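We call the chains A, B, C, D, E, F, G and H, going by the order they appear; numbering starts again at 1 in every chain.
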């Protein structure tokens, strides 16, 4: 997987410093730990300087605590996403030094300083007040990955002057995340106003024919504005993560 | 159904001028003609001053010609909608004095002058060039029902300054029809800018996750802008007809 | 956005009474207040004489109370929609002078008299008893926007004589709202009987293949009756609001 | 499968007139013929006096001709449904004595007189002109199964007086088939007016949110009128067949 | 609506025994009572000898009690369907002489003897144990409408010999109701084995790709067996009601 | 159904040792017991050596206990699937010797030793930690049917080296079950790496556009890897059962 | 990927017979050829003795011919699936020694004898005549992979005795493929009758609510019969391929 | 819209060099041209250095030619996407100097040199041969926007070694576009292997449960790999455009 490492092993085999069997085993071993219920992977974090991330939803507090305990050994920051309040409390009973970010539905274990890595600010925009939870999840990931974040909440298209009021901030951003439910039109409008990548996050805000975010999702995928890409419904994490990657394109970021 | 008429019949019965059996029969008779394959209804047109309308799609040229021939006896105008070019030619072979409105996919038999009936102009707006066919169908119906129509085409949200350029025209309208495919965001933006009823027509323009107009339809139904109502995908006729009704609210328009 | 205002500012700049920088700032400022979690917009209410409206669903009591507190400064009436009983209680703990309209799932802050603005009565019709909540939401909005409302409940098509019993009331209306779940056929039947705009509201009443209002929604969109437009499932607010706009077409209603 | 027949075989075995092996074989044999590409089944027709029916769609002319040739040996009538005009011509080239019923998209091989079997007339009703093809398919099956059929076409709910005009005919029927596309509301209205079974056939007439008959299908399944059952979209054959079965409930109809 | 009654009124008008105004009013009056929240309809029950039926779901106990109280004045039996246990208790607190049929989720007010009206027995068949609730609802309606009911539960196609075990009972039935979830194949198998009408009721039993009964619904609509008609998911009431109507085809059942 | 048995009965009839009526009855009787609410079938277990299986979901504790009590008389093992914890407790109150397998959501009554029957090991693989419940259900069935099971959990494609780490185990398997939610890509990747049958189980893990397992289901059905077949969402039982059948192909397994 | 090969390379490196750089390159090289528009993979065929397979749909004749020309160098058999007649002709113009299997919509290049590899026969069953094309595709793959195939066509559940007629053949099979459209019930019935793996192939045969095979697909996934797994709609190839893999479980089949 | 320009106008007004009315008019004027059927917008191209882009689908050759003729006046490059061969010929009859890029379904008018603007190469990867058309559309846009493009075609997950063969190229890329149909798993696998932004393009390649790209779309949205964003089905243009924007993040790219 890692060409340099393979070369090193092969050199060792050639030199006789690494026996063949050990080399074979080494080739299969990569920086992860199998703790039974999960294969804890230090790989990506080492590679990217991003926090380790655990999807909390669908896991028990015991499972989360076990995984976090393993991950903290990597000395990086650890982020647990989609954690309902009761689950957060249960995890913190086991790992008390995690911080609960209620609005973002997340737990954070801060072990390391975060260096600024992005080119410019990432703007995180919502159509309404109810989209703020998703937006804060995106903001948290982006900040933990070393980005300046600018928030613009409740600037949906039904009162479009609210958006224009923030046009300067929008145009200063390197990357923009737009979280919107209902018809999700804000992503298209923003996409038409700027020249940077726009990441659209449909939210499950709305009722009836919104179908839990499907209307916004389809609208964002069908957008008439070029330069807009889309993540899953309510996937603030994915939007923030992708925004952080986009904001580092062209920058040295350690060995891949 | 018509209280005055029933009263007249009953009076006749009371006076003995109308025998009971004839009265019974009369009560069942309303102003339509059964021509076998269709029950041709002069009712609504008499009631509203609107043209008689025939949905062309799904009918043969022979059927359409037969119905139009019956309808023309009512001396009003007749509109056949959703007529593909070949079908239009076949119908006109039988009813040569119908005019073919190609862009609106319609045939018109003009027998009567159309009086101005609406309060103010009806604005018909499209997001793109490909939505024009649907918009022209709406415009045709609205004009035949006695309305001034103002067209604004290709002013979609990806370049929102094109819409603002026409803001005055928008705000002068009594009723606005917005035809848009893809994500259909234009309806929400227009709805947020004006204080009159907005009728949103999703069009089947787009591909992939547009699902033949479904993305626009769901978006328009989920709109965050109040005052927007929606008609079926590509239903320019329905939008124009409803706009005409809305533009006559509060005006005397003959016996209902 | 507002041509007269822009002209005034420009005149001021020309006269030297408004410095350029101030003008620039003024142009960006519109009548709303950014309270952090929401951008509270006095704009539409000023423009239309309608109540200020807040969508309660998806917001916390704290958020709603903050927004209402800001909105009340505009001295108009304030309506909070889609408020479950427990949420209503929590909001009223903070804003005790709001009235709870249980059936309509709404909170109302009445600060101003409502002037009659519509041409004629708005009829609000339901197919069944279970549709009444949605209908009352529509009625509340229409009344707060200055309309006379006539209610006709439980007159669905399975016993169509119940509808004909109210035919006179139907035909006297300027605009009709039809709320129906299940197959939603009532909207088509009403649409065929009258000559005014009909707004169809599909409700989530029904089970199985009703799919939470989808059957009624599709049926209403596919209606064979011209003049019917549709709003989102259970969107009583939207129907009432649109009905009020339609009922004012052609009437002076202040500067737009 | 057939208790009497099994008893007869067992009796034969007991009497020694049927050897055990032959009995075993006999038990497996039922009145059908395997012609390779199809297992031609004389069973149901023998049992019911209905015509033999072949679904034409998805079969080649050669396949249909082979099956019809086998079926005609049963000396009953044979009906091939869903046959496009070109396919009909190709089949008739091979089986020239089949009659082409164009409107019903069917081929009929008439070999036997049809006896009247139903209690009363079967009414077949359509909402519009475009539903007539489906209705004629239903009518054809019902007639071949020995029923009087009464047709009422183009009496949809947008002009409901057209339906009331035929109320007497409706109420005289033993069973009613309603074919309707678009929103399919006619089935509910008819269901509410009569006291006999109503079979609703959604048709693919309509566009956009009709989704090829889905809107009508969901509406008919969600109907508020009791006593309505539903068949597949455009399934005129199924409706006519079921109507014929219903119209014979309680009548002796030979050995089952 | 009722030709004889209209004739009577007209005769009265002619004779002078009924004044015109009174006649007009009479024509509009049909046997129902408007109790505000519902229009209680004695019409169908009078016409058919069926019980009065109230859909419990979506109504409050207060609403149900009010409607039942009105309906009981008609002296027929009253059936309330889809009543969850807690709701049933609340209704019975107000109307203590209603019987709670737990398995069928129904309340029954028995005021009149039920006369036998059907031709032969109605068989009610389920694929599994979990479908029994829906089947019992169908059975209850059929019994209250004067039919003998034969139950065959848990005879699904995965062990098809269980069904064949009951073949005689199946073939003796006049009408068959099949309730099945999951893939719903039982309806097709039964349809292929009998010569009477089969009413298929998809149930919401199953998980995953069953989609709450949709798989069974689509399968039943697409059935390869002729003579099968379908009602809504879990609609035991509708199936039992339709079965009762079918079982009376050809029998005198009073004035329609 | 069972040719040998039928032959035996017929021979008996021929010999006169079995009277005709008794033979008829015998032919209808197969090894099951009708306990009213369920037809308990000892048939398949006798035939296959698999445990008796009861789907717990949708049944009450009383129903399950009654069925298990009947099934235990067959002296084989009994498995109850999809049992929520509270239901499990309630059943065990009545049948205390059942073992609760919490992770697999199952109850087991172990009455017999399980003989090894499969060719080689069955590998059960999950993409993530949250898929383990479904995987354990599959493992439990496979083990009760006499197979060696190898577990590989949390080896999803986002860190594909975790899967390659277990490549040897994968390739040693006779049959592989892959349980994955979200996009379900693991099934395709595994299918491309091995030469044995792969059974894909989509799980309901994921959110938004995962639609409760639909994304994984469609992906697995559309897989570009040959040799992959699919079972229902979350259907661990079905996957384990099918894997066990596949692992016995070509082995003698008693009379069918 | 191939542990033995990696070990061999490492040994060579250790021995000095393979330079490090060459080893690195070798590790990346696997038995495939990049011909620009496709990466032609000899890998699976070498591994399994199956034919090389090319999905014809979506490729041009030129592309297919180029890929086949590359693949024939592997000296195995080559199968091109989903080839419409015109495309087949165009490919054969370039590769004239391919055989066109019209019914299976396939092209075959036979270069090698096929050895018998399966345990027992594979039964391929269809519900109707229109499912035969899909069945023949499955049969072709199974035969090219060394299996005896038994065909049973047109034995759907509407006349279930046709299936029982073939019960012996069904029960003799090692693996069964069931191809059925419409409601797809045949898969459940077969699954309940046998003790071997059943692969269900939904076909797009049917109309209306069959939704191009979706009804059959959902039904097969929701089947109440254990041991049934499912492949994509119309995927005869996938079913035949999986059946061949299942029929070799436990047999030595060369190095994987 | 453009603060500097507004300031300039205001300064002119202040100075008296620009009359108020002219200023008002100027404010409304932005760099576009209304040619009736379209509002041709030079805005974005001026702003970004990207080509002007016209969506060809849904437009006539006449419309396209008119728009291109207007756009060429801007002296930039012009790209027309989604142009079927016949449409391309018709457009080129009017605008002969456009180049037809058949594989990408595009027309290009090259008027200007393209300067290199991206940080590093953009990799464009496909799962199969049939995805190449979509990939070439993406490549064309990316190249016209000044990027180096690296192509890797037919490296889908069913033979994952083909992908690993190109791992170095993958990891050298600044941004990666993955075009895949069927289950679309390639996007997740690539996303897990790299540390740069990945844009997933679902293609409509596949059949049955692929639903024209929906399976791939849902899978890509539900991906377990962070850093993946998604565009519409078959939207090669959108993917290439977004990739180009991402590849310029942090680079000066003229006035926005």
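Definition applied: a contact is a pair of C-beta atoms (placed from the backbone, for glycine too) under 8 Å apart; a residue touches a chain by one contact, two chains touch by 3 or more.
Quick caveat, the model's predicted, so the values are computed rather than measured.
Colleague: Identify the chains in contact with chain C as well as chain F, in label order.
Modeller: Output, common partners of chain C and chain F: A, D, E, H.
Colleague: Among the chains, which is located farthest from chain A on the basis of C-alpha centroids?
Modeller: D
Colleague: Take the average of all CA coordinates in chain D, do the same for chain F, and state the distance between these two points in whole angstrom.
Modeller: 40
Colleague: Could you please state the distance in Å, as a whole number, between where the Cα atoms of chain F are centred and where those of chain G are centred?
Modeller: Averaging C-alpha atoms per chain gives centres 25 Å apart.
Colleague: For chain C, write out the residues touching at least two other chains, lowest number first.
Modeller: 1, 3, 44, 128, 159, 208-210, 217, 221-223, 226, 232-233
Colleague: According to the definition already given, which pairs of chains are in contact?
Modeller: Those chain pairs satisfying the definition are A-B, A-C, A-F, A-G, A-H, B-C, B-D, B-E, B-H, C-D, C-E, C-H, D-E, D-F, D-G, E-F, E-G, F-G, F-H, G-H.
Colleague: For chain H, which residues are in contact with chain C within the complex?
Modeller: Its residues touching chain C are 3, 6-7, 10-11, 13-14, 16, 20, 23-24, 27.
Colleague: Any idea which chain H residues touch chain B in the complex?
Modeller: These residues of chain H touch chain B: 1, 28-30, 32, 36-39, 41, 43-44, 55, 57-59, 63, 67, 82, 202, 204, 213, 217, 232-235.
Colleague: Please give the residue numbers of chain H that touch chain G in the complex, ascending.
Modeller: Within the complex, chain H touches chain G at residues 128-130, 132, 153-155, 159, 161-162, 164-165, 205, 207-210.
Colleague: What does chain F use to touch chain G in their complex?
Modeller: Listed in rising order, the residues are 1, 3, 44, 47-48, 53, 119-120, 167-168, 171, 174-175, 194-197, 199, 217, 221-223, 226-233, 237-238, 241-242, 245-247, 249-251, 253, 256.
Colleague: What residues on chain H touch chain F, complex-wise?
Modeller: It is residues 127-128, 156-160, 181-185, 188-189, 191-193, 206, 208-211, 214-226 of chain H that touch chain F.
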